[in-house]
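Common to both upcoming complexes is chain A, partnered first by chain B, then by chain C.
Our next item is the complex of A and B:
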C-alpha cells in the first residue's frame, strides 16, 4: 500500500500536471492529423523530454500515447481517413454512421468506449502485470504468424457480401506487401531500383490515399454528376440514447477483451486488435448484417479494442523489458536513459513507478475523454464549410501528414497514386479495407512464418499449441458460416448462430 | 458561390505557400561563401526514424553544436531503405558544410548489398561512438561458454539458431564472422530490429542472439539473458566481467558505430571548423552521459583517422558479406 501512496503522491507536483495537459493536447492534435502517428509524436517529443525529470517526461509521453487514440477517431469517422493506423477499423462503421447523419452519436460513443477500453486495460497493468507478462514471452514468430492469419480471416467479413471483390482486393494488398527487401535473405523484390521501395510501400501513405483521398475524389465526382451524395452537414444528436447505450455494452466487452490480449503480445498493436475485434463482434452480434453499413456495435468493438491494447503493451514493456508496440519501443529508449530499465527488476526496484505510470494513464484517459467531448463543437464548424473548401483542407492535411511521416516527397506521390486507385476501386465496388489489411498483415505473416520455419522446420505451425489453436480458429471462421448455411438448407436449423464463433 | 471560390483559392494558396516554404529550408544556406562559415542554419540529417539511438545521437550532438557554432542545427530525419534513402539524399547535396549527417555503420555495408551507397561519396568529419557486439543465450540455456555453443554447432551444422536485427544488418554480419572464426555454420534468423531479436532469445525461441551491448547488457544484469562474449579487443565497460571472444579463442571484433559526414568536396577550412566543433560536442558531459547510459562507448576520432577507419571497414565487410 505504501507503494501506491508513494507512486500516486509523487504526481502531486504541479509541473507534472502541466506536462500531462501539454501531452494530452499534443496527442489529441497529432492523432487527428492523418499520417502523424502516436509513435512519431512520442519519438519527436523524446528529444525534449530527455532533459526533464523522469516522471515529468513519462507524463508527457504517456499522455501523448493515450490521447492520440482519441484524436485519431475524428477523421476516421468524419472523413473516412484513419488518423493513425489504430483507427483503420473505425472507418468501417464510423464513416457510414456519419453519412447517415449520426456523426454526433458516433463521435460520443467512440470516445466513451475508447475510455472504457483504456481504463479496463490499465487495471490489468496494476493487478496482473507479472503473470500476463509470462504469457507474452510464449508468443514467438510462429505464434505471431498464426495470430496474423486469424486477423486476415476478417477480409471476408469486411467485404460486406461482395466476397469475390473483397478477396481480390485482399490478394492485391498481399501482393503489394511483397514489395521491398526479402525479410530473410535481404534480396530486392519489385523495387525497380527505387531506394524508397526497399523498405516496402509506405503503408501510411497507402491508407491515407485509399481511404481519405479516394473519398474526397469520389465526392468531387459525385458533385460533378449533380451532387447525389451530399457532404455530412448534419451531425444529429450528440448523446447516445438508452437503447444505443445498451447496444454498446457487448461489443465493448468483446473489444476490450481482445484488445487486452493483443496488447500483451509483443509487437502487435491497436491496428490488428481493432480489426480482429470488429470481426468477432460482428460474429457475436444479433445484427451482423448492419456491420460495415453504420452499426454502432461495429464502431464500439474496434475503438475499445485499440485503446485496450495500451494497458497490455505497457504491461509487457514494464514487466519484461520487451516493447509491447512501436510506441513502447521508443519509450524504452527514454526510460533507459532515465535509469529506469524496464524488466522484472523494475517491479522490485521501483514498485511505486508502476502506480505512477498507471495513474498518469488514468488521468490522461479522463483528460482526453473530456477534451474529446468538449472539442466536438469545433468539429461542427469545420464541417459547415462547403465541399470545395473542405476538400482543400482535407487534401492539404493528407499531404502534409504523409510528407511528415518520413520527410519524403515519394510518400506523397504514393498517396496521390493510391487516391486514384482508391477512387477506381470505389467506383467499381471493390472494398478498400481488404487491400490495406493485405498490405499490413502480409509482410507480418510472411516474415514471421519464415522465421518460424527457420527455427523449427516445416512442421512449426503444428508443433506450437497456441499457433495450432489460432490456425484452427481461422479455418473455422472461414468454413463454419458456409457449412452452417449448407446444413440449414438441408434440414431444420438446429445449430445456434453463436456457434460460428 | 464566389465567396466560397475565394475561400478555396485562399486556402490553396496558403497550402502551396506552406509546401514551398518547407521545401526551401534545405537550401537556405546553399549559396553562402565558404569564408563566412557558418553563414546560416545547419541541417543535420539522420537516415533513421526519430527516436532511435542514431537519431538521439544526432539530437544530443546538435544541441552542443548549436552553442559551439552559434547557428541553429536542425535535425532532419530521412528514414527508409535501411538508411540508403537518407544517405543517398545527403550524398547529392551541396558540400558547403551546411548539410551534415550522422551515418551509422551501414554506410560501409549497404554498397555490398545491392544498394547505391558508397563511402567515397562523403567527407568524414569524425567518429563519435561505438557499440560493441555481443552474443547472448537465454538464462536457462545449457550453453555456458562460447566454446559450448560452437561445439553444439559442430555436432549438428545449422541446428543452432542465432537471431539478429535484420537481413543485411551489422549483427547478422557479426554471427557470420563468428561462424567463420570458429569454422562452423549457424542458422541466422533475421528479425525486424534489435529489440524483437533480443526478445526471441529471452523467450527461448532461438538458441542465441547477436546484438549490441546496449540491448543485451541490461537483460544480462537482471538475469533474463546470459552474455557469453563481447566482440571487442578489451573487455567492455558496460560488462566488465564478461570475457571477449578473442580471450575465449575466437578472433571476432565487430560492432556498430556512428560517424559524422558531409557530402564529398568540403572546403578545407569548413572541414576543420566542423571537426573541432564536433570534438567539443562529442566530449561534452551531456553527450558522454547519454552514450554511456545506453551502454555504448563515447569516443572522438578526427577526420583523417575516421576516413581510414571507414575505408577499412568497407573492405572488410565486402569480404564478409560476399559469402552471405
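Our next item is the complex of A and C:
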C-alpha cells in the first residue's frame, strides 16, 4: 500500500502534469500525421526528455505512446492510411464507414473502445509486473542471456517473414553493442582510437538515426507519403446511438482479451493484435459479411486490441528488461540513461515505479480520449501537411535533440551516419528493431553468457531448465513460420488434386 | 472500350508475365548481392576481431570470443540471405527510389555538414533559419511562407524548447 501511495504521490508535482499534457498533445499530433510512427515520435522526444527528471521524462514518453494510439485512427479512418502500424486493421472498416458518411461515429467509437482497451491493459501492468519480476529475480547469468535471446528472436520472428535479415540486423546490433570497453576484461574493442567510443556507441543517437531520420530520408527519396486518397472532410454524426454502442461491446471484449495476451509476448505489438482481433471478431459476429465493408464491430475489435497491448508491453519491458514492442525498445534506452535499468531488479530498487507508470498511463488515456472526443475539423488539415514542412521539422529536431543529450557534436555525426545506415536497411529489407535491441541488450547478453560459460562450462545453457526452455521457444519462434509455410505448401497440391478428381 | 485502349490492354497483358519475370530476376540478383555483402561484412568482422587484445585470465572466452562468434553468425546469415533470395526473392515493401529524391537527399546531407561547420562560427539563431530555408527550397518549397515563415517558426520553436526551456547551450 505504501508503494501505491508513494508511486501516485510522486506524480503530484505540477511539472509532471505539464509533461503529460505536452506528451498527450504531441502523441495525438504525431499519431494523426501519416509517416510519423509512435516509435519515431518517442525516439525524437528522447532528445529533449533526457535532460528532465526520470518521472517527468516518463510522463512525456508514455503519454506520447498512449495518445499516438488514439491519433493514428484519424488518418486510418479519413484517408485510408494508418497513422502508425498499430492502426492497419482500423482501415479495414474505418475508411468504408467514413465513405458511407459515418466518419464522426467511427472516430468517436474508435476513441471509446481504444480507451477501454488501454485501461484494461493497465490492470495487467498493476497486477502482473511485480510477480513476473519476482520470478525473474531468481534468474542467473545464463537464464538472463537466454531471456535476451528470447526477446530478440521474438522481435525477429514477427518481422514479416524476413527472419534471416532480422537475425542479421540483430547480430549487427549485438556487434555494435560490443564497441567500447569489454564488460569483463575492460579491453578496448572497435574504438579505432576515437575517445568518444570508449564508453560505447551513443545508443540514443543510433535510435534517433535509425527510427527518426531514416524514415524521413526514405520519404524524401520516394517522395511518397501516406496514401493518395483525399481526406474525407464531411464527418457526419459524432456520437454513436444506443444500438451502435451496444454493438461495440462484444468486439471490444474480444479485442481487449486478444490485445492483453499479445501485449505480454515480447516484441509483438498493436499491429499484430489488431489484425488477429479483427479476424476473431469477424468469426464471432452475427454479421461477418459486413466486415471490411463498414462494420462498427470490425472497427471496435482491432482498435481495442491495439491499445490493449500497451499494458502488457510495458509489463514485459519493466519486469524482464525485454521490450514488449519497438516503442519500448526505444524507451529502454532512455530509462538506462536515467539510471533505471529495466529488468527484475527494477522493482526491488523502485517498487513504487509500477504505480507511477500505471497512473501516468491512466491519465494519458483519459486525456487522449478527451482530446479525441472533441470534434476537431482542424485535424483534417493536419492530414494535408506537406512533406517539406514535415521533413525540416523532423531533421532539425533530430539534430538538435541528439546534440542536447550530451552537448556532443560527435553524437550528431553518429546519428547522421545511422540515419543513412537505417535508410539502407529499409531499402534492402532489414528491419531496424532487432538492430536497436541488439545494441541495447548486447552488453547484457555478452557479459551474462561469458560469465555463465566461465562458471558452469560450455553446456551451461542446456543445464538450466529455464534457459533451455527459453532457447527452445526462441528456436521454435524462428522455425515455426518456415515449417508452417512448408506444410501449407505440401497440403495445397493434395487439396488441389482432390478438387480436380 | 475503344479499339486503342483494347489494343493497349492486350499488349499490357502480353507483356505482364515478361515484366514479372524480369522483376523477379533483378530481385533475385539484388538479394544474392545483399547476401554477398553481408558475408563480406561478417568476414571483415572476423578479421578485425582477431586483431583485438586477448585476455588470458578469461581463458577461451576472452575479449575476442564474442565478436568472433557474432562475425561467424553474420557470415552464416549472409549465406542464408543469398540462398533464400536466390530461391524465392521476398516481396519488397517499399517504393522505388526517384532519381530526383536521391539528389534531394544528397543535397540535404551536404547542407547539414555545411550547417555543422557554420555553427562553429555563427550563432544558432543565424545559421538554423538558413538551413531550414535551404531544405525547404530543395524539397520544392516556394514563396514567403515556405522560405521565411517556416524557417523562423522552426528556429524559434527549437530555441524555445532546447535553448530556453532545457537550457542546452546552443
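The rule is simple: the second predicted complex is superposed on the first by the 270 of 501 C-alpha atoms of A that agree within 3 Å, B and C clash if a C-alpha of one lies under 4 Å from a C-alpha of the other, contacts with A are read in each partner's own complex, and residues count from 1 in each chain.
As a working rule, a residue touches a chain if its C-beta (ideal position, glycine included) is under 8 Å from a C-beta of that chain, and two chains touch if they have at least 3 such contacts.
Here the structure is a predicted model, which is why all the values come from computation and not from measurement.
In the superposition on chain A, contact is made by A:343 with chain B only, not with chain C. Contact with chain B, but none with chain C, is seen for A:322 once the two complexes are overlaid on the shared chain. Using the contact criterion defined above for the overlaid structures, shared-chain residue A:196 touches chain B, although it does not reach chain C. In the superposed model, A:388 makes contact with both chain B and chain C. Applying the stated contact rule after C-alpha superposition, one finds that A:455 touches chain B and leaves chain C untouched. By the touch criterion stated above, A:172 is placed in contact with chain C alone, chain B being left untouched.
By the touch criterion stated above, A:182 is placed in contact with chain B and with chain C alike. When the two complexes are overlaid on their common chain A, residue A:399 makes contact with chain B and with chain C alike. When the two structures are aligned on the shared chain, A:124 is found in touch with neither chain B nor chain C. Counting contacts by the rule stated earlier, residues 182, 184-185, 187-188, 386, 388-389, 392-393, 395-396, 399-400, 403, 407, 454 of chain A appear in both its interface with chain B and its interface with chain C. Contact residues of chain A toward chain C in the complex are 48, 51-52, 160-162, 164-165, 167-168, 171-172, 174-175, 178, 182, 184-185, 187-190, 217-218, 220-224, 386-389, 391-393, 395-397, 399-401, 403-404, 407, 409, 412, 416, 420, 426-429, 446, 449-450, 453-454. On chain A, the positions that touch chain B within their shared complex are 39-40, 42-44, 46-47, 50, 137-141, 181-188, 195-199, 202, 266-267, 320-323, 329-330, 332-333, 336-337, 339, 341, 343-345, 385-386, 388-389, 392-393, 395-396, 399-400, 403, 406-408, 447, 451, 454-455. Contacts from chain B toward chain A in the complex involve residues 4-5, 7-8, 11-12, 15, 18-19, 22, 49-53, 55-56, 59, 75-82, 84-85, 88, 113-116, 161, 166-168, 187, 189-193, 195-196, 198-200, 202-206, 214, 218-219, 221-224, 290, 293-294.
Residues of chain C that touch chain A in their complex: 34, 38, 41, 45, 48, 52-53, 55, 57-59, 61-63, 65-67, 70-71, 73-74, 77-78, 80-81, 84, 90, 92-98, 100-102, 104-105, 108-109, 112, 116, 128, 131-132, 135-136, 139-141, 146, 150-151, 154, 158, 161-162, 166-170.
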